[in-house]
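Shared between the two complexes below is chain A, which has chain B as its partner in the first and chain C in the second.
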Partner chain A sequence: MFASLFLGTVHIPPGKVLAVLGWDFQSVDGYIVNGIRLPRVLGALVGGAALAVAGALYQILLRNPLADPYVLGIANAAIFFYGLAFLVGIQVGLPALAGQGIYVSSSVLGAAIVSALLLALSARYGALYVLLFGVALGFVFGAGTQILIALADVMKVGAFVLATLGTFSGVTWDRLLAMSVVCLPALAAALALSLYISPYVLGEEHAAVTGLDVRAARVLVVAVASVLTAMVIAYVGVVGFVGLVGPHISRLLLGTESPQRLVPTSALTGGMVTLAADDMARSLLPPLELPITAVTSLVGVPVLIWLLTRRHVQG
Partner chain B sequence: MYRVRVDSVEAGYPGFRVRADIELGEGLNCLVGPNGAGKSTLIRTVVGLLRPVRGAVYVDGVNVYKLSPRSRARVLTALLPDVPTLHFMRAIDVVLLGRYPHSYLLYRAVDEAMRVMARLGIGDLAERRFAELSSGQRQRVLIARALMQRPRALLVDEPTVHLDIDAKVHVMSMLRELSREMAVLVSVHEPDIMYRFCDTVYLVWGGTIRYVGPPEEAPLTEIYAVPLSPAIGTLELPAPRGDPLLHLVPGAGTCTPVMRRLAAMRVPFSVGVAHVGDLDHFVAAAMGAPLVSEQPYAEISDAALEAALRMALRSRAALHCGCPFGAANSKNLALLREAAQRGIPVYSLSRDPPVGERLDAAGLAGLVRKLG
Partner chain C sequence: MKLSNIINIAVLLVLAVSIYILYTSIADVRSSISLLTAKVEDEIAELRADLARINSSVLGSDIEDRLTDVESKIEGLRRELGELGGLIRGALGQRVAVKYAAGFSLAYDGPVKVVVDGENRTVLLVPRDMGEDDLAFYVGKYSPDLVVRTPVERVVLFSATQVALLARLDEEYRLGLLDRVVGVAWGKAYRWYIPGVEERFSDGRWTDVGYASNPNYELLLKLRPDLVVIYTVPGYEASEKLVQRLEELGVPYVVDNEWREDTVLGRFEWVKFLAVFFGVEDRAGRLFDMVERAVLSYAAKVADAGPVNVAWFSIYRGTVYAAPPGSYVHDLIRLAGGRYLYGDVPYVSGIELVVKRGNDTDVLVYASSPEFGPSSIGDLLSSEPRLGEVRAVREGRVYLFSSDYFQLGYAYTELLVRDLAAILHPSLFQGVEPRFFVRLE
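What follows is the complex of A and B.
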């Protein structure tokens, strides 16, 4: 994490970084470290943790290691509603949160609508179908977003694409605060939830005879996970793969699948992976910044494959 | 002992209904019936996985459907036939999940989990991955999980399906043992298991419970096409139909393996004279083979001898299964001699044949080929 503070287009010696860290917002170096890099680093940690925890929750819920907010269409729905607010000006929700407020409430609402739909379907058809419906809904909202882009003003489209491309470069203290106000309580809720849903690993029927209220568990898991997803999309944009790879790294490194271990460790691995990816995104081709999804995928996939095959060799 | 009453429960879904109105008894209660009769539906409904169409389940007077899932899991639980797919969890992690209805902090109950596992003889498996265990070991881990819930009633759906015979006997003995502390209802569809372990049988067939009582009197023959003899407690193949190729001369159980081989090869045979109560008599009667009987321990009557001789003369050969001859069955020897004299080839599985040509057990198939 400290290393991340040293990286950047403007070279600042490590000693100088430590000297100004935390208090100096006046000097140029101090502003770069405290005003730009620090919120960005913290943002990557919080955002990564949020996505990985959301991914872990969905994977536990669906008992499917491929589940994550993107696969389930929840992210696509959040992006669509974000676009609806940004491009067309159809704003739903309360314009209360700082700066991004209106877009945030739109994305959360989008995520909530899809989640509610998925829950209703799962109550009727079982968890297996959620994945299928989720993938299908993802395509529907993806198409919707494409239509919005086609219809919208070219200038706005550029800004929209940039905003949803996924980068932590725009994370200021204001935005970090607004994101954390929701994400940190949601992460805490996820930790409590991980104790509540522990029998879920056995499958829904075994869990039910062990005393889990399966319906309540589904609702809570989807609610917490979609809030986390939507917040990251609204403030940072699309950060792919973290929700998938974070829980996998935890699972494979720790050799566990109990929710009460998977959820907290996914927060850690998700935060670290995202931070590392962000570091690479801004330092591979300076002064250009790569979209973070490109980095998470390019770096995350080999790591994941290595971990999976290593486990396979061990039996 | 806990009182478990399944009160006029009607379970099922559109197009399928099964009703039960029973009170579980002492010892091991078994739900028996053919596939698709509704055993699993009933168990899943009683435990609350399926919503009943009507009715209620009372444990010590408390309607379990009125309880929250968590409270219900402290009163009754189930072992389901599908085994959960787990990649990493250790056996003890699975057992600890049984603590869930009592506390969310599962890992505080490690000592209790170890005690339960030791009691079930799986203490040494605690640290092993659940996925690496054998089917029988997994079943015992899941039983340990159920015990951690400290239920008053345990419902078990098909506990023995994928197990080898040692594990079957082990798991069923364990469930029997548990039935001294809690009400246990097990669904079983193997008669061998039913006759040996069940105290009370509930026979499910045609959408309702047709019979409640001891396994020996359960009218299984009305339900299954395959013959079953309660005294032996196992299934037999039906005797092949057609003109008998071989007439078997039985005694002291010597013909039982021969009859089973012939039934498997679909070779028709007749049997006689067999004494009632002899293993050969049970098996031949269960199979439904043409059979001439005599009273237990009585000397074979002339009438029986004549009837058996007529059978022997209608077949292509007579086979003495090897039973020694004494006071009660000396007429079977006379039967063989008479048949031989009238031109029926006679073979004997005896080491020292009193009549006919010696045949060893492995030669049976060859003889059938030669005759057929």
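What follows is the complex of A and C.
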């Protein structure tokens, strides 16, 4: 994390970074370090942790290693409702949060609607169907977004596409605070939930046998994971792959499926992978900044493949 | 020898050379006319003799052959008269040359015009009444990708800027060019700012053929256009599909890629490209000359005023989308007496750079319009608080595009240059209210 403060599109000598860190918001270099890089680094850690924990929760609930907020359609729904607010002007009112309020509430609403649908369907058909329904709903909301784009003014479409591209470049102290106010309690809730759903390690049937209220578990998991995903999309945009690769790296490093260990470790690996990706996004081709999703894939995939092949060889 | 004497002699020499060139040009035309006249007279005399022989013939068995011979001679005469017409048109000054644009070319050959369009396709423009033999001759000579009979009467346009350029020509010379447009690829994707356009759609004179990237081909074919003017985006799949589909359907299309020009005048010069298909390139040439003079005069006015540092970008989530170096915008800023602060930066960069160069930024053009961009400096700072580190923002020298900038700005290039020059050097343009830029309060 500390190393990330030395990287950026503007070169600032390490000694200068250390000299201004934490107090100087007046000089240009001080403002770049404290006003731009520091909230960005913290934002990448919080956002990455949120996405990876959301992915871990879904993977535990569904006992499916492919589950993540994007696969389940949560992200597509959040983007669709973001588009409704941005492109059509249909706004879902919540008090403004650091200038992003309307988009935050719209994204959360989208995530909540899909989550409710998933829960309703899974209550009737079981957890396995959550994945299938999620994929299907993802396509539906993806199509909805395409229709919104087709009908919207071309100038607005450009801004919408740029606004949904994931980047931590826009994380200011205000937005970090607004995001953290929701994400940190949700992460804490996820940690607590990981203890509650530990019987899921052997599947939902086994969990039910142990006396766990599986319906309540489903509701809680989907609700917490949806909030985490929606907050990241609203404040940062689409950041793919972290929800998938974060839990996998944790699982391979730990060698266990235990939820109470997987969830906290995923927060760490998700945060670190996202931070590393963001470092690369802003320093590989300065002053060009690459899209974060491209880099999370570039960073995450080799690590994942290396871990998988190592485990295969050891096995 | 005094300098003034040298200048006088030089002027006299230039005048003498000009007179000589003019004299030889006129002499060429006159000698061509004389030669052709003599030839025509000879041919007519021969024809008379032929007719006399036909009349006096008792058997008449060779009448068919003689008639064929007469017809071929008449056709030869017609071709020579066509060439004469081309020569006369050239002598009368209807030819225009391309000075700045890099994306198309225009050449004349007797009665035909040869245009190379934005995709390097050769397009042969021939008069509507040109005979098949002559057409075959010129097609053989140029092997064109497309032959267009001109002036065109049923045109479909694919961009609002094309509509704007024709509207400007109509406004200046009352040519009625927009009356020869039958369709536009619009798709209701944006609002119109060009006067009269919405009425043309609502009363049915124009048909909306859908999105420019994916038009409704059935509607397009139903319009029976004699020319479709498209634009292309390299590497963009929809663009490649559009071209492929038009080829398959045999729709006559040309590629107008004005947006790829790197210079302000180069971009505006595409007015000649459009005009040539309507046969009014002489008017387009006159309009271009007028705009060129105005642009260069504004540039000359600010040349010694000292450069003003200009930033030109928009920001989404802290990512900066700046006008790329060496672009049309870069040239516009240069002509207006500015120095582009992001001339070394690719299209996308980070907010750190904006802060680093914040104190050097005299003027910020925020690349958005009042409908889609910030409504005030407070609004701008609310969406991106770190712009508070930019001096132009602190001093209130932030400008947006006017709502009609993207449609009309390029058709009124001289006003664009004047506006920006006035923004950068207000003391030299007192009383000038920018037409295409809006100051953020």
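Following the convention adopted for this analysis, the second predicted complex is superposed on the first by the 314 of 315 C-alpha atoms of A that agree within 3 Å, B and C clash if a C-alpha of one lies under 4 Å from a C-alpha of the other, contacts with A are read in each partner's own complex, and residues count from 1 in each chain.
Note that a contact is a pair of C-beta atoms (placed from the backbone, for glycine too) under 8 Å apart; a residue touches a chain by one contact, two chains touch by 3 or more.
From a predicted model like this one, the values you see are computed outputs, not experimental measurements.
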Room on chain A for both chain B and chain C (clash or fit): fit
Which superposed partner A:Gly211 touches (first chain B, second chain C, both, neither): first
Chain B versus chain C as contact partner of A:Val236, first or second or both or neither: second
Partner chain in contact with A:Thr309 - chain B first, chain C second, else both or neither: neither
Spatial angle chain C-chain A-chain B, Cα centroids [nearest 10 degrees]: 130
Which of chain B and chain C A:Ile32 touches, first, second, both or neither: second
Dominant toucher of chain A (residue count), chain B or chain C: C
Closest Cα approach, chain C to chain B, once both complexes are overlaid on chain A (Å): 41
Where chain A meets both chain C and chain B, residue numbers: none
Chain C residues within the chain A interface of the complex: 189-191, 211, 316-319, 321, 345-346, 348-353, 355-356, 358-359, 368-369, 371-372, 382-386, 389, 406
Of chain A, residues touching chain C in the complex: 8-10, 28, 31-32, 35-37, 40, 99, 150, 153-156, 159, 162-163, 165, 167-172, 174, 236-237, 282, 287-289
Of chain B, residues touching chain A in the complex: 44, 47-49, 68-70, 72-74, 77-78, 80, 82, 84-89, 93-94, 97-98, 100-101, 104-106, 145, 149
Chain A residues touching chain B - in the complex, by the definition given at the top: 63, 195-196, 198-199, 201-203, 205-206, 208-214, 251, 255-258, 260
